[in-house]
Every structure is written in C-alpha cells, then in structure tokens.
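Quick one: this structure, given as structure tokens, is what I'll be asking you about.
Labels run A, B, C and D following the written order; every chain starts at residue 1.
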Amino acid sequence: MCGIFGIYGHPQSALMTYYGLYALQHRGQESTGIVSCEKDELTGKTKFNYHKGIGLVSEVFKDEKIITEYLKGTSAIGHNRYSTTGALNRSNIQPFVVHYKNGNLAIAHNGNLTNTRYLRNNLQSEGTIFQSSTDTEIILHLIARSQKEDQIEQIKDALNQIEGAYSLVILTDDKLIAVRDPYGFRPLALGVTEDGAYVVASETCAFDLINATYIRDVLPGEIVVIDDEVLKTGKIKSFWIEKKIEKQAFCIFEFIYFSRPDSKIFGENVDKVRRKLGKLLAHEHPAPNSTEEDKVIVINVPDSSNTATLGFVTESIKLGNNVKIEIGLIRSHYVGRTFIQPQQNMRELKVKVKFNTVKGVLQGRRVVIVDDSIVRGTTSKALVKLIKDAGAKEVHFRVASPPIKFPCYYGMDFPTQDELIASRLNGDVEKIREELGVESIGYLSVEKLLEAAPKHLSFCTACFTGNYPTLIEEKPEKFEYEIFIKSADEKFD
Amino acid sequence: MCGIFGIYGHPQSALMTYYGLYALQHRGQESTGIVSCEKDELTGKTKFNYHKGIGLVSEVFKDEKIITEYLKGTSAIGHNRYSTTGALNRSNIQPFVVHYKNGNLAIAHNGNLTNTRYLRNNLQSEGTIFQSSTDTEIILHLIARSQKEDQIEQIKDALNQIEGAYSLVILTDDKLIAVRDPYGFRPLALGVTEDGAYVVASETCAFDLINATYIRDVLPGEIVVIDDEVLKTGKIKSFWIEKKIEKQAFCIFEFIYFSRPDSKIFGENVDKVRRKLGKLLAHEHPAPNSTEEDKVIVINVPDSSNTATLGFVTESIKLGNNVKIEIGLIRSHYVGRTFIQPQQNMRELKVKVKFNTVKGVLQGRRVVIVDDSIVRGTTSKALVKLIKDAGAKEVHFRVASPPIKFPCYYGMDFPTQDELIASRLNGDVEKIREELGVESIGYLSVEKLLEAAPKHLSFCTACFTGNYPTLIEEKPEKFEYEIFIKSADEKFD
Amino acid sequence: MCGIFGIYGHPQSALMTYYGLYALQHRGQESTGIVSCEKDELTGKTKFNYHKGIGLVSEVFKDEKIITEYLKGTSAIGHNRYSTTGALNRSNIQPFVVHYKNGNLAIAHNGNLTNTRYLRNNLQSEGTIFQSSTDTEIILHLIARSQKEDQIEQIKDALNQIEGAYSLVILTDDKLIAVRDPYGFRPLALGVTEDGAYVVASETCAFDLINATYIRDVLPGEIVVIDDEVLKTGKIKSFWIEKKIEKQAFCIFEFIYFSRPDSKIFGENVDKVRRKLGKLLAHEHPAPNSTEEDKVIVINVPDSSNTATLGFVTESIKLGNNVKIEIGLIRSHYVGRTFIQPQQNMRELKVKVKFNTVKGVLQGRRVVIVDDSIVRGTTSKALVKLIKDAGAKEVHFRVASPPIKFPCYYGMDFPTQDELIASRLNGDVEKIREELGVESIGYLSVEKLLEAAPKHLSFCTACFTGNYPTLIEEKPEKFEYEIFIKSADEKFD
Amino acid sequence: MCGIFGIYGHPQSALMTYYGLYALQHRGQESTGIVSCEKDELTGKTKFNYHKGIGLVSEVFKDEKIITEYLKGTSAIGHNRYSTTGALNRSNIQPFVVHYKNGNLAIAHNGNLTNTRYLRNNLQSEGTIFQSSTDTEIILHLIARSQKEDQIEQIKDALNQIEGAYSLVILTDDKLIAVRDPYGFRPLALGVTEDGAYVVASETCAFDLINATYIRDVLPGEIVVIDDEVLKTGKIKSFWIEKKIEKQAFCIFEFIYFSRPDSKIFGENVDKVRRKLGKLLAHEHPAPNSTEEDKVIVINVPDSSNTATLGFVTESIKLGNNVKIEIGLIRSHYVGRTFIQPQQNMRELKVKVKFNTVKGVLQGRRVVIVDDSIVRGTTSKALVKLIKDAGAKEVHFRVASPPIKFPCYYGMDFPTQDELIASRLNGDVEKIREELGVESIGYLSVEKLLEAAPKHLSFCTACFTGNYPTLIEEKPEKFEYEIFIKSADEKFD
C-alpha cells in the first residue's frame, strides 16, 4: 500500500506536498519522496528536483532547506511507500523521475499491476533495461515507447496495456496528471486549495491539513489533466482509458482498515462505514449476556478498531445487552523503525512493546475485544494472552470483517496465503477460536460487510471470497520477483 | 519532567533499561541516556560505560550494538528528559557519570530542587566547577564533598542539604541506590524481574514491559540500596533522610495528566483516578441536556482525556442525561522532533498537524469536549475552532482538573505564569470561556479533585492553589538561569 | 576523469576492489561505488549487490560491514568519479547496475563519448528513458537494444556505435569484461593476483597495493573477457571492436599530470616520462644563470611536479648551471570536501590553505618554480604571489608541458575554453608571463613533449594543438547538457 | 601531542580559529574543538559557545553554520588532539569549558603534566569530581579552588602546583591568557592579525594562513594576558610563574619530526634545523661510495624526511660523493580514520596503503633511505622490504636523529618503552640493522643533534638520553590510568 499526492499551481508546492504526505503517513512508513518541477523564468526551461529517502516524511525531510530552498517550483508530486516484508531498496523509492523524448516525467503509484511478468518480458526483449524491481517502472517505459506524439495519448497508450490496480499521479514539464484504473481499486480524490491550486491525494485527510476543499473523486478509468489552462479557466480536463470492464471493484479493505477514519474515500466517510461494521457485528455476533453483577466489558484495539467498537457497543445496548465500553489496552506510539527486537525468551515483548493492559479494568471481567480484522493471527493471540494475564475471566473476540483467506494482487500488503490464519486453518472458525485461546469468536459475514458499505458502489472482496475481478497472471510477480539487484543502503542506511 | 529507571543483577541490564526507558518515553522525549557498570572478572575492577543523545530512546540507541556489545554489565540506570522550551544542551543530558574519591558514580534525577541558587553559590565559592546547568550536578558535588567515609553516609549528607522534589537512581561500583524526597513529590516504584534482578522505575508500566513484578513504592524520604548481598538475601536495605516535614506532598498532576493510565503510581491505578475525575466532573458541570432529536455528543481529546471522557459519559447517562460518546478528533502519531513548522498564514496548521476532525460526527451537533487540563489555552482554542469549522452547533468545554494558575517548582514543565490562561485572565472562568469561544465551560473544583485521588494520601496542589509545601528560594533558578555555556550540538545535531 | 577497477575469481572481490579504488583515488574524489556479483550455491542464481556514495573511498565504505558482509561474491567492479564543477548528482554515481533480457549488467566507464547527442536522440525517439545525464548510460541501452543473442555480440554491437574515449569494465552474471576504445585514449591494465584472480585497473598502482602482477595492457579496440573457463585454462579470451581508425591516440596528459608516478601506463613508467619532461624543459628553457654568490634555487609544486623538477635540476647541473633544488612550498593534505571557503577579503587564502611557503628558503633568492602544467592560471598566479611575499627576488616559471589551449572531449575535466589562460590570452606567452607576474616563463614545446613520451606510441595532443583524432559532434554534450533532473542529495548530503 | 590556538579581538574569531586549527592539523587528528566567547551588547553578559567532535577540523566543522552562525563572539580558543592508541573518549575532547565562581573558563592544553597522580588524589580527597581522565581537567580544578580573588592570581596559584610540560590557552569572560611552562617544553607563538587582533598558536604556520604577523614566542614561565585594554594600548600584559628551575628544556623532537617545516618554533625555522640534521648525518654516516657505473641513489620518506634528505644529498656531493637524489617512495594522502584494515595474510598492506615504490627508480640500485627518526621500527622494516622487493641491490638506512630509547613524559605520544626498537634491542645498532634487514645503518649522534639546533637554547633530549629535566612521579599516569568511564561514542561515532 502507498499514499500519493500531487499539486499544481502553488508557490510552495513542495511544502504542500510535504504536509499532504504527512497526512497520508499511515498509508506508508517505509520510504518517501517528493519531486518538484521548477521553471526558469528567463529561458522557460524546466528542471525536475527531487529528494527521496528511507523513513518517515518528517525524517527524510528533516533538513527544512530541502523543502524550502531546494524543491522549488509550482507543481510537485509525492509518495509514501508501505513497509513491506524486506524488499526495501533505495532504487525502489518513488516517485520515479526520468527523462524521455518529450521531456521530464515523474510518477507515483498506489496499487499493483497484475500482468507485469508479461509486460516486463516484452519490454526486455525489445531492449529495455530496468533499474528497479517495481511494476511502476513498467508504466514509464510503456509511455516512453508509445509511438504517439501527444503526451496524453502516450499515457493512454501505456494504460491500455496494463492490468490491475493503479491510482497514479504523473508530473510532466507542464502538467499534473491523475489517473485511476477502470476498476477503481484504490481511492484518489481531487481538490482545490484556498489559493486556487489543484491537488490530488489518496485520501481527503490530506486536503484537511492544508485547507483544501474536496471537489470530487478521480473516477474509475479517468485521466484528469491539470495545466496552466485549467488554472485559468477552472475547467478540469478529463480523458478516459479505453477499456471495457464488467464492473467496478473498489477495495473494501480501505474502509475496514487502511484509510483514516477522518477521510472520505469513494465518496463516503470512512468513519461512518466503520461504525456500521460494528453495529452489524453486534447483530451477527452479540456480546455474551451482561448483568449488573457480572458486567461484560467491551474493549477496542487502539486505534484501528476504535470506531467499530463504539458502533458495536451502542448497538449492543440498543439491542438490550447492557455492556460497558472500556479502555483495556494502551497503545504506545513511540516504536521506531529500528527498535531493538527482544530475544527468543522474551517473545511476548514484541506485542507488549506496542500494547499494555490496564489491569484494574480487566481483572475478573468477561471481556469482549473488537478488532477490525485478523490477518496472521499472531498479534491477536498475543493480545488475548495479555488480557487473560491481566485477570480477565473470559475473552470473546469480535471481528468487524470476514476471515481473510486469499492473497491480494491489487496492492494490499498481506503476507503469503500460508501465513493467513483463516487460510491456514481452512476457514474453520472453531479452530481459529481455539488457536487464539478465546471463549468465543465471531467474524462479520461478507453479506453484512457489503451492507455496511455504500450500496450503489461495487466492491472487490477477493481477499475474503477469492473472486478476483481481473484475470491474474500465473505466478504473479510480487516485490522483487526476478530482479536481484540490491543496494547496501537497504541494510546500512 | 523526566523518567528514570535502574536495574541491579541482570546479565542484560542495558537491554532491560532500554525497554524500561522506552515504556517511560512519555515522561521525556528530548534526550535519553544509559549508564552500565561492567566488572572485570579477573581484576574485580569496575568500568562505567555510557551512551547519551538527543532524541527518542529508539533513535539514540538505533545502533543495536551500543546496547548489546558496548553497554555491558549487570547493573545500569537510565533517564529520559522532557522537551523543555529550548534549554537543550548536550552537557545537560542525564544520567551524569563522574569519578570521585570513592570510585565511579552515576545519577539520574526526576524532579526539581528549590534551593539550588544557595547551594551553587556555596559550592562555587569553595572552588567547585560546573559543567552543566542542571540542579542534578549539585547533588553529585555534595556527595563528593561529604566528609563521611561511607558512601551511603555521603549520600545522606548530600540529601540533607537539598530542598525540593527528587526521585533519584544512583549507580556506584557495587550498588544501585534509589531515593525519593521526604515529600514524595515524584513517584518511584520498586520491582523484581523473573530472573530475580531488582528494578526501580518512575512508573510501573516499565515493569509490565519486561515482565517484572511490582513490590512496593520507594517511600518518601527513603534511600533504598540494592547490592550483591540484597541479591542473595532478598532483604532490601533501607535508609532514611533525616528531615522533618509537615506532611507529604505527592504531585496530583501525575494522576491528572502526566503518568500513563496503565501505570500504578503512589500505590494507585492511574486509570481509576482519571475515571473518577470524569465522573465527578459530570456531577459538577453536567453536559447540556440531550434529547433524542438533538443528541448531545461527548468527545475526547485523544489520548490524554480518553479515560476521563469515558467516566464523564458513563456518569452523565447514570445521572439521566442520555449523551452519546463519539470519536470526533483523530490524532496523528507521526509528528517528529524536526517537523517543518508552517508559516504565519497557516497558523492553525500547528494544531491540525496533530488533530483532525471527523466531520460526519460533528456536523450539526451540540458537542461536549472533555480534556484533562488547560495550560496555555492555545491548543484548546484551536481545537474548538476546528470543531466549529466541522459544523458543530455548540461546543461545551469540560476540564477534568481545576484552573492552573501557579508555576510548578517541583519539576512539572509548565510555561511561565503569564502564559497560563487561567493566571493571565485572573482565574475568571467566564473570560476563559469567551477566549476559547465556547458556549459553556466547566472546571473540576480542587475539592472534587482531591476526592478522586486516594484519600489516605497527602497531595501537592500548588499549581491550582499556590500553596507550596516547601519554602521556595527567591527567584528560583529555572533551567539555564545563570550558566551560559552552550554546545553547538544543541542546534546542529 | 575517473578510475575503474574489476576483479574476477576472488573470494574477497569487494575488499580487493576497495583497495584498488583506494589506490586509484587520485583519479576521482567526488564519488565512488562498488558492485559485486554473488552466486547462490544452491540455486545457481546470481544477485548483484552494490553500494555507492558521495565522497572518498574510505568515507563511502566507512562501515566495514558493507564490504565484508554485504558486498559478497567472487567478482566485482568499482569506479571513482572525478570532482567536476558542480554536476554532482547521486543518480550519476557509477558503476551503473541494471537488469535486462540477458540478466544483470553493471558498468564503469573512464573517458567521454563524443556522439552522445546523436545517440541519445536516437534512443529517446525509440522510447528509451534516461535516469542519469551520463554518456555511460547510453552504452547500457545500446547493449540492451542489440538484436544479437550472445552477450559479447551485444556489447560489440553497442561499441560499434559509440565514438570517443572509453575504457570500460563490465560485470555480468558470469563474466568480467574489460574494453578499451580503438584509439586507446585512456589506460587500462590487466593483471593477476597471487591467488589467481584476474584484475583490471586504470593504473598499475592498484595492482601493487594488492600484490597483483601486471600481465599486459588491454589493447586499443580489444574486448577482454574473463569467465570461469579463463580461470581454469588461464587463457584470456579476446574479441575486437570492428572499427577502422587512422591511428591510435593515447592521452599524453595522463603522463604529464593525471596518472600516479609509481604507475605504469601504456606500457611505460610514468615517473620515467615525467623526469624526461623536466630534462627537456631544462634544455628548452634553462634556469637563469646561477652563481655561488647568488645561487638560483629550483622549487617544485608538491606533489604534482616533484619528478619533473628533479629532472630539470639534474639536467641543469649537467648542462653546467649549478642551480640548487629546494623545498620552498609545503602542501597541506587535510583539505576536505567541505572546507569552509574564505570570504571575499581573504581571497588568497584559497591557495594558502593548500600551500605554504618556507620563508627561510625563498627570502632574497632568485627562484625557478617548475610545474607540470598551467590550466586556468589562477593557482599559478597565487603561488607566484606567495613566493614573492616570502621575499623571492625573482620568480621564473617553467612548465613541463605546452600551453593548454583547447578543450578535451575525451574525458579530461578541463574548464571551458575561455577559462584556460593560454586560450584566453591567445597563446601569447609574454602576456601569460605578465599576468602571472614572473620574470620569465618557459613552456615545453609539443615536439619535446612527444620526445619524452614513448616513441613507438601515437598520442592525442588535442588540448595543446587542437588536432582532435576523432570527429566531434557539433556542440558536444558536456555534463548535464540537456537533462535537468537533480537530486537534493547533491546539496544536502 | 596537540595543537592549540587562541584569538582575541576579531569579529570572526571562530573562523580564524578554524583556519588556525586547520594549519595545525598535523599536531592532532583525533578530535578537535572550538570555544568562542560571545558578549550580549545590551546586558554586557557573556556566553560561551562551543563545538567539539571526533575527526579532522574539516569534518567536525563540516556544517559551516556552526562556525559562522553559532560560534559568535570576538574571542575564541581551539584545540587539536593527537590520535593516541585508543584512549578516544568524547569527554576528553578539548577545549574544556566550565563555569566557576568567577564566571566562564575554557582551556586548551598542549603537553603533559608529571604530578597528576598526586594532584588528583589531593583534589578527590577534598571532594572534587572528575568528568574526564585528562591532566588538563586538574588545572581547571586548581584554578577554581584557589583562595585568591583575582583571576590571574588564581591561575598563578594553580600553575605553581603543577609539574611537567604545558603550553596553554585559557579563555575567560574578558581575557585571553597564554601560558608556557618554565621549562618551555612545547612551543607557543604570539602574533597579531592585519586587523589588530592578537593570536597565539603552537606554530607560526597558523599565522601564515590567516595573514597574521609573528611578534615573539610566549616565553618559558610567562603568562601573557590579552584583554580590551591590550587591544587599545597595544601593550601586552605579562606575568610570571614563580618557580625556580635549573635550566630550560625545549623539546628537540619538535624540530626533528613534529613541527611543520614551514613553521618557526623556539625562534628558529624548523626547515633550517632539519636541513642541518641531514648535513651532519652525511658527515657522521656517509652514503656508500657512488660511481658513475653504479650510482648510489638517496631517497626520502615523504613527507617527513624531505628536508633532511635534501641536506644529506647536498652535503654528500659537497663531500665528494656524487650520489643522486631520487623519488623512490610515493605517499598516499587519502588514508582516512576508518580505513578498512587488511587481514592477517596481507600484513604488508598496512604500509603499502601509505607508501608505494617507484620501481623504475629502485631496480638494481644501491639505495640510501633517509628518515627523520625510528620509533617502533615496524614501518621502517616494511619500507625496507618494499624497496628490496622493487629490486634494490642494497639498502642503507640513515636516521637524522639518535636512537629513541626512553619514554616521553612531556606529551610526545611514543608507545611504551618495550615497543621502541632501540630500547628493545638495548640500543645495539647492529641488531637494529639486522632486524630492519639493511646493509648498513647510521643514526645521528646526540652531540650532532644539538649542534644542528640553535646553540643558545637548552633542550630536552630525554627520549634519547634518559635525562629527564623534571622529577617524574613514580608510575606516572598515562592516558586513562585509573578512571574507567567510557562513552559509547568512542566506538560508534
């Protein structure tokens, strides 16, 4: 997963991008980068400046002068990359910046392509060299190879060849281009700042921070172009990817976990959907019966399940079960990229470093813990142990989404299928209950999940159902599939 | 404010201290340091190793080998320093390590002395040189100057001369010493690890992380000594500071804001006190009347007022006012030490970087916001504006502590008195309401505050009442009062 | 200018490359990098590891583990880049490493191509994207685009299209390839280590450091291939670039200034040539007459003219002019990349930081200063002033090479033609004398220069004569001619 | 060994100190630091700013702003520390800066005290704590402890108690003080800049760089004081240490090796003395007979024996032995602090990294190598092997100083006595010859050594003769004798 941001027509474009990326930090903490386009007033020539690095936005751009003195220009794009399992490589840090026949080109990508093996082979056989192991580089080569003369046509040419999930921001010498694939897997919103600059961002929380106003989403299959003309006329230019698809497939996991609750994605408040998930969960898998003498308490996993927990509790009470919401887990927010991992004999510490229990709250209680989802199950298991160690009599697990059983080929960074607890235990919920060591467990059904989401939209639920909306290449490339070039920066930065 | 930690008798004493300091990170984010005592098995000679730096624990000890290969030894102490207004100076980073007639000595201090001007003048006139501007260095000189031969007697000698607040951990060549001043201003807990090593820490959350068990608090006026004999016998050695005081004065602000909710301090769960503060606040300053058509929502300021808000809402409902708890503010946890500050014309951004509103929740609502305390008032004011901008009809402010009107001389890092909103507006609550721009405001009274805290204890409430439990030097030294030596590291690290 | 190194068949290939690059440090101090090829014993798959950075070899590879733990494998290549006037850009640091249809490919280049504008345009129009502004990247694209299947054929294909100066080391998954252009502009030597690994290096001083034995030069137009078969048989594979040229054109400036005196290049000891330059200079432009009462002293410019000065003095004495060699200038070797430059009013300091005079030696003397060459003239002028300030009665300048009047398109990093003092003053030696402020000046003639060099070889003297051995593109690209992408690392590293 | 610098009355005092320390870099490469005194124009209060670090001057002050923006003020002192065998410790980096009853105080020290054990014990028993393991800290404590009121009197008080070698610069809130011990072991020169600021420096080469004029040496036993009054009147204030000594004892090794040849120390040009050493050596131990057929060549060890070699050759020829000077060794100047050391099986590499031979020069020759001195003998031995490997028929070693047989207690950083080759082999020159593997060896005698040095001065020759001019404490402290506090910065910087 990744977060992308773009701006056109702002005197402090890099600073705005910095704030935008900061607001999107939750979408990627591994690495980040900003590219700005600077125009020489005298010659009219443009120069692309960039800075990229490993770490959080505030770390990589620690030296303020990089933003204020170096990354000059009135347009810019930026990218946050998610912390994947180890494929950290300096040459993979986005945005990518290159020079080709039509000038400079920078690109930032959220999503994952599904026909990269085919495309890469084709390109290589024609003599293309690759400098990264990302699918994003492929898009750049396809644009550069297009026989069309017009840049937008070149981009359309390229997009018509790629399959899978992609929300893109592209910066050229005179345009900002924002693209969303025809399925609309990943969100991408369009806005305008108080000064009249146009912005695009993965989520609207990036707009809130810089006082920009949300206009509308970039639509599935749309290519939005912002240039000086658009700044003048206020009429956004719109082109379309010529591709027939059966139906759109918005990623429902964005609502469940990935997006920030204060964002609006796919035209809907994330917070609202998450609350519904909690409410519907209370219907499908109610808390055990609470009595005045033996009050059942419901706790959240901060901060990911805060909203769903609130929905669950409210609905439980409305349904007549007088449970009590409590704060039973405290989350630490200081874990850094380089935290010293505990040795073997302190295995629990890994979870304890992130969560501590409030003993006074849990002791002697029947506890319902609401989480947004269960992936590997290891953290859930450790949390349950912590809660029981704190003296809870019973622990009942409630999950505001269905069991995750299938890999995601569209950019969600799940582990391999074998590592998914629901896949490993063949979806046998009783076995999951046993492994987690809880008194009861309840997952939301796919039907209820879809009920919580906006009804008029069409979603991808492949990770729960295995119904992939696109064709998937045999053995799809994942991360560094076949390119084995690694920089020492990965290890020794 | 600061966090301190010490351990004696553990093969990985530095690693344990690292985890302990990590758990105490909330007590100080400016700088951190660890000192370990390493014994040469052959010669029996001891060596003190240390590493200190500016930044979070995970940053300063980024290079794992510092902990695992360099800071060897079976005893260690550590310190986190709070981010004060600018007095960052490498030579002020604790623990301090020195060599004197009886060997090596390291010290870490939480609190603030109140007779430093007098002591410093005395020491200087006798020929002492100072290498830092901290009050802690004074303690070291007093110990070294003592005419006593026994180290514990030297320490008692020194402690008998100092006034104010001090929880200390001291490391010598063969002992770990933990001290709490006779008033007991700052907390200090004593525990034991699974392997039988003794630990002391500002709060018990540090014990939880390393699976240590809480034994008891270091008592006001007590000097606890841990040495090899204690490891063998299991009998902790205890000495006392010979000082008559009227009554103890535990810092009540530790319960209100500073300590972690999952800690036990002064023998009581922080979370429990905070919930009571919320409940009593609901009695003293109830939310406006909620109706089914125009439901009043109550929101927290994450994460500091989470527990008090829960208490407030539960009690409100119990009292018959059917308000609804909601998550209206989302907090970002990525703000780094070096975040690029927005320019003049983006003043609000400073608060927005930390908090964003959930518009769907707030729009058209009457909103009660519960906070733990108001210091300067600037953040509160900005939050109210954010909430109103998000469409709230009314905002009612509820504060789970009394107005802060007086400076703290015991280690709480408040701004100068002029900057305290309650002091600046002469405690006129109506004027505060006006300045914050809210429909109503309610502060908890000092009486109720004391009701929420453990009854059998005696507290310092000076910041609310001006009743200082100790004599205060005229013009007490604060930070770098009269020593003007500054390292460039402060600015260019 | 640059230094290149390659090794095949050594268990510590990266460490050997580190030492080799260190010995070649004088050929480039701006940036450096090493690529190693690591084979997985089980799968037989190869991985390319690299580390590159701005600074000296000892700085960039400061963390020993990069060499010993990370850059594993039995073959490796490395590159030192010269400090050009400002075109420092992280994406230009060599070696370049890419992946293409036949596997991994890394390349390091010493020299400069002269038809890059044409080639780049061609490649771009076919859809190639560029990630650096170097001519070296062009070679990679030409290899990848070749229709040939065999890798050596692909390389020949590419080399047949490029013009200009190039000594190359290329690393593939199973070979080390060393190439020298048909003119033989830049040196490239072949050797073998005590353990039987093959090495190539710009100069033989790199062999001396690692106890390798010089075998022979890579010949002009030759493509030397080292693979496992070569290791076994000991028979080096040799291929040839199919290109007719009129005659070879070895860079004579390598002898004059660039190479180390302890190296053998083009089959000849550099030190020997330099001594002859000094001797012939003594014939063409003798020192003023020395008498016992008014002894003329001859001083060197350390360390570049040490050998030529020795030759000059010996020959002068042999010719009957009893001059005396003296050390009149002391050179500082501590100037770092980031030395703080003096302000306007301390202009001389720039030279004084590098050179100081020995006053006792110079005072009241007639001084001959011998230098290897004069480029801009600014340093020479400042040196003359220093010497006169130290009390010299007269200063006579002797230059062991002809006036530099023309730009070098083959890789020598001269400033623009306008900045060359001899070009600016139209080769008028009297005007140069005047500008430098000396009593007399004498440059070696081109004829004598060629007399000093090995007679059986054919040299490029274009910088002195303007006779370029190859066609030169109109407005040849230099540095970042038309690609304007810049990384912030350039400025803020 | 160390280099010290001080300036008073210059608007850019820190920048001047930076240049001064840069010129004195040869006196210490381990660590460096600058302290400046900044006066608040309004309040008249002074602030001491400092920056210190491990590395070269250009590395530690890499960030220009430290010098130009941070280290403000019109007076400053600085220090370079020599790379000792391992006692690197951040808290030992000078200058030291402290605050005491009379204000701020900073000190930088070149030399070594000989009664530190006694003084340290005394001070500790009175309650002094130590934060470093240096003798310099002792001086600070003695000043602070003095009962005198006047600062100069306090300093005199302190100096009267210490024994050994010390050249000091001391900075106070309103003065620059320069001190040289009564024996005058270490040099210290006084000068004035073009702008009228006063400067002191270990050697005059520091004056040359900043265009300052040498006035005179600080005299043995003198305390020079520069303050605002001195700036106005131009009359330097001079005080004296009240201590009777037998005779002065200038360190003769400063002439032999340590000082720069372009410096004037003890009132004499270093270069001149070194030339005489070479000449006298030619008399005492002439080169073997040179013939036209079998010319003997004389080579230097760059750069330390350059001048002596020149003297040796000139005198040899004058004496009728027609030897020839040659450059047979090339020295690399790129070895960094962190150069990766070769493994066991590449032992020679350690010397080869620094020196390479010019084979064409040495092959088949009888070679005389002139060096300034031999300490351990390991480098000499390795050099001889290199020269023989390059084909030299014979190697004759000539040393421009006597055998070093005794430790230096006055600040010259020799290894322990056992490691000195001349001490280890009991001064048996034949055995030394054998160990080095040379055909002949010749050391200059102590008599001739003294003949080369200025006759009117009295020198310390203890390292050659064992005649120590002062009493030496039993088991004198060396480096970290008994204080075992170490910072991790030492290892992980």
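Just so we're on the same page, a contact is a pair of C-beta atoms (placed from the backbone, for glycine too) under 8 Å apart; a residue touches a chain by one contact, two chains touch by 3 or more.
Remember, it's a predicted structure, so these values are computed and weren't measured experimentally.
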Distance-maximising chain from chain C - centres being C-alpha averages: B
Interchain centroid distance [CA atoms averaged], chain A/chain C, Å: 49
Mean-CA-position distance for chain D and chain A (Å): 61
Chain C and chain D, separation of their C-alpha mean positions in angstrom: 36
Contacts with 2+ other chains: residues of chain C: none
Topology of the chain contact graph, where touching chains are joined (line, ring, star, complete, other): ring
Partner chain D, residues of chain B touching it in the complex: 45-52, 63, 65-66, 70-71, 97-101, 104-105, 124-131, 133, 140-141, 144-146, 483-489, 491-492
Interfacial residue positions of chain A with respect to chain B in the complex: 15, 18-19, 22-23, 25-26, 29, 56-59, 61-62, 64, 67-68, 205, 208-211, 260-262, 269, 271-272, 302-303, 306-307, 310, 314, 324-327, 330-340, 342, 346, 348-349, 352-353, 356-361
